[in-house]
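Chain naming follows the written order as A, B and C, and within any one chain the residues start at number 1.
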Amino acid sequence: MLGLQIIVDGFAISSLYALGAVGFTLIFGVSGVLNLAHGGIMVVAALVGWYCAGELGFGTYLGTLAGVAAGLALALATYGIVVRPIQRSRAIPSAETEIFVLTGTLLWGIMIEQGMAYLFSDNPVTIRPLIGGVMNVFGVRTPRNEVMIAALCWIVIGLLWLLVNRTRAGKVLLAASINPRGLTLLGFELSRVYVLVWSIYGVLAGIAGVLLASFLGVGSANTGPLTASAFSIVVLGGLGSVSGTLIAAYVVGYLETLTAYLIAPTLRPIPALILLVLAIYIRPQGILGRR
Amino acid sequence: MRSLSRSRLLWGAILLCAAVAALLPWWLSAYILGILTVAYYFGVFAMAWDLLFGFAGEVNFGPTFLIGLGAYGAAILDANFGQPIFVCVIAGALVALVGGLLLALPALRLRGPYFGLVTLVAVLLLQNFIVIFAHITGGEIGMTVPDVLSADANANYWYALAFLFVCTIILFGLSRSAVGLILQASGQDAIAAQALGFNVTKHKVAAFCVSAVFSGMAGAMLVFYEGAASVDTVINLSIAVQVIIAAVLGGRRTIIGAVLGSIFLILANEFLRPLGQLNTFVVAAVALAVILFFPDGFLGYALRGRQRE
Amino acid sequence: MRTALQLPQLARPTIAAMAFAALAMLAPSARAADSGPIKIGIIGEQSAIAGASLTKAAQLAGDEINAAGGLDGRKVEIITYDDHSSAAEAVRAFQRAVHQDHVVAVIGSYISEVALALEPWSARLHMPFITPGAASTDISKHVHDEYEKYKYTFHGWLTSAFIAQSICDFEHDVMVGKFHMKTTVIMSEDAAWTTPLDARYLECLPKAGLQVLDHIRFNPDTTDFTPIFNQIEAKHPDVITTGISHVGVQPTVQWHDQQVPIAMVGQSSQATTSSFWKDTNGATEGVVTATGAAPGVAITPKTLPFTEAYVKRFGVSPAYCGYSSYDDVYVIVDAIKRAGSTDPDKLVAAMEQTNYVGTIGTVKFYGRNDLYTHAIEYGPGLITGVVIQWQDGKQRQIWPENAADATVKFPAFVKLRQASAK
């Protein structure tokens, strides 16, 4: 009984982690940027979604869509205002660009967090579940909303897979992640590719944020921890590898759930962090990453 | 000849500033002195960071890992074992040193974004540990220490100033010494430095240790100024970013610039206080603007300007 | 070669020195005045659900006093500071209040860790300090153990020990008396105020008729309460006895969404303000919490006028610390009047003699020889707090029973008498 509980509970949270982390790794794989404002995009999507759904009275469905749209807009803003100017800046020596981009996105993340705290206070908000009530999953009483969220995560990840592997645009993305120079030689404009990948990222992070708000609740104070958990998973799975990220998300999600149930809820984040430290020392490229 | 007179002038300038700063308590209110006190400790944080970045070429995204270890090490020792303050400060520095070594030795083997990530992860780990062992560390909200350096604003100010002065002399001196030049070389072009026969890794580890000791000491001193240690003031990522910004603002690779940057940043934070919650937002926005348009910082910009003449 | 090249080098530090001097001109050098406005510093957590009431209620009190002519013609000036729920920031705010703003007293925080960080500074700087919302028993214990040093600190809310006692009394009357419950699990956040709370719970709950099956302390940073609720449910208690303040929205919403079939009763600080219904999208239906006062129920003649004025001005009802913060402003002003001065030692002596009818009862402080020196006295006719339950969007008082204005009812998914299901 407890085992089934752990399996069901862990699955939902891992799926959410997976969705959040996949976008993060996509951005790194294709454009080489570690976006430390990642948590900020999820939080903004959640807060805007809550605000539109409740305060503005749009209702849960429209509110959720508004939240995702906000995530998309913010991701593009991050690219246009922070990342691209730094990458193109002539005042920064090219060896230090990466560092400046990291610092820049970190600062941007702080701005987002403080801005949100100012507008909405730092209390967690929850979006009303899209479907209320509970259902029986293998004998475990589970909120219907939780099942739906896990399903949605996988549908989105599936759509992403289709996009990357079956559409022309997706193949361009793959190519950009392997050899950007080669791509430009073939006549593709890299800047358009980057806009595309940041847009996809914005939608992914937006959906993740809105679903998290519906499942557990999100507040501006979650900005840092969400970024941290995403990049822990991505480093564990291998920077730039989508399948590695998916695997790592489930490893981390289940590690946390097992710890919370079997050891103590207080110690929940520790095993994953220890695993991360070990991974960095023993195998820094992660499970499936390329060096 | 010019470089000799330049450095003599620089040292002279440092002494002059120190003298002026020491006289300030006769003009300024206790409150402004308090702000400057924090700014001086911050200056040491930033200088220690600049030594590592500017000279060893390693970006430490978690200076607060070292600062936090020093701060909490000293605080826990004082709260639980009642040792005198200066013992706790030394202990804090040692804890930071050990932590720094544990972090640095494996991490310096990594390249690219991995080192930066490791330092970030270190901060997270420390933050989580503090929160989980809340009964020893006071958790997220913080812990108090029974002893403070002084309840008098003037005395605290002079302690901080003296501490800053000594650290500046040591760190600036280090940067101008032979060791500093080797570090600078390794930071700019590790392969060439190695080709010249220098043990780059050994020097980088040494730089890390120096950075750790000074960060830890300054963190401990800050705790004994405020009488409290909390995640928000010594570990939080926004503090780490402020340290980095202070150093960048003042000018990377100048050491002294870091002090100027810190003072400017802390004062700016204060003047923006009436904005309430938005003041961190504005400071972060300004810092972002600096990174985008002004990445060489005050001193860096001025010095490079002169080099072009 | 030329001195012109060397000038910029010297220019910078000189400019810096001049900037400092310029700062000096700008810096005010006022001293605390014995005439002019009476300044009271309020340190609160303005983004926290419960903490926001602190500063607002004090502001309300200050404005009311001034509208009535102030204290012998002197206006009361309320200066607020936000400590962002951090002990070190609160300390900085305290130092600013004393050194820069020259306040005569400080009202501060509902978080015990913060109040405990401010207490030594109140002692070092000889600044009268009262906390309207923290609960840790250590606050008043320090005053008892080292009176001369810590006498400037007052504890303006019920200590955890008394909060626990009042909840035990409630559970004895209602959960055991009416619903014939037999077992409970204690669920509280790992914080300074819950250590004495839980200790008292463990002592008085069995005496109230409830066997304690388990005692869970969780990290205040927790966002996912599913494992905790599952752990509790596995023990099949009749009721969950809570002690939460730092968290509130998430455990309540998740309790509701997962339809945990056990009632939640105890102290939930966030649930004491009316905005909590909206914050949880109504999930708080059926949650029971201790608080200072319930909307619409007059504990003293001052309760309702205060609540109405607060709602009118701020749009939500005050959290529990709003009542005490409001009272504390009046208590301080009253003490200044009786002492005839703002001198810290005289003010402290006058505050010890307080016998003031506030919004939630009569405020009196325990004396030097009592265990909880300078804490507010607990008992009928003094301050006991009340217990409310959220029903249909409103807080209804359900205890003490002679003042109750609603009957206790739980949402459909709560199964009463779990033990009988075994």
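We take it that a residue touches a chain if its C-beta (ideal position, glycine included) is under 8 Å from a C-beta of that chain, and two chains touch if they have at least 3 such contacts.
Fair warning: this is a prediction, and the values are worked out from it, not measured in the lab.
More C-beta pairs touch across one of A-C and B-C than the other; that pair is B-C.
The chain with its Cα centroid farthest from the Cα centroid of chain A is C. The geometric centre of chain A is 32 Å away from that of chain B, both derived from CA atoms. We define each chain's centre as the mean of its Cα atoms; on that basis chain B and chain C are separated by 36 Å.
Along chain C, residues 47, 190, 219 each make contact with two or more other chains. Along chain A, residues 117, 266 each make contact with two or more other chains. In chain B, the residues that touch at least two other chains are 132, 276-277. Across the interface of their complex, chain B is touched by residues 34, 82, 85-86, 89, 91-92, 98-100, 102-104, 106-108, 110-111, 114-115, 117-118, 224, 228, 231-232, 235, 239, 266-267, 269-270, 273, 276-277, 280-281, 284 of chain A. Listed in rising order, the residues of chain C touching chain A in the complex are 47-49, 52, 190, 216-219, 222-224, 226-228, 230-231, 234, 249-250, 253-254, 257-259, 278-281, 283. Residues of chain C touching chain B in their complex: 1, 5-6, 8-10, 12-14, 16-17, 20-21, 23-24, 27-29, 46-47, 82, 84-89, 91-92, 95-96, 99-100, 111, 113-114, 116-117, 119-121, 124-125, 190-192, 219-221.
If you check the complex, the residues on chain A that touch chain C are 2, 5, 9, 13, 54, 117, 121-126, 128-129, 132-134, 141-143, 145, 216-217, 222, 257, 260-261, 265-266, 268.
Residue ranges of chain B in contact with chain C, taken from their complex: 2, 5-6, 9-10, 12-14, 16-17, 20-21, 24, 27-32, 34, 131-132, 134-135, 138-144, 146, 148, 151, 153, 226-234, 260, 267, 276-277, 298-299, 302, 306, 309.
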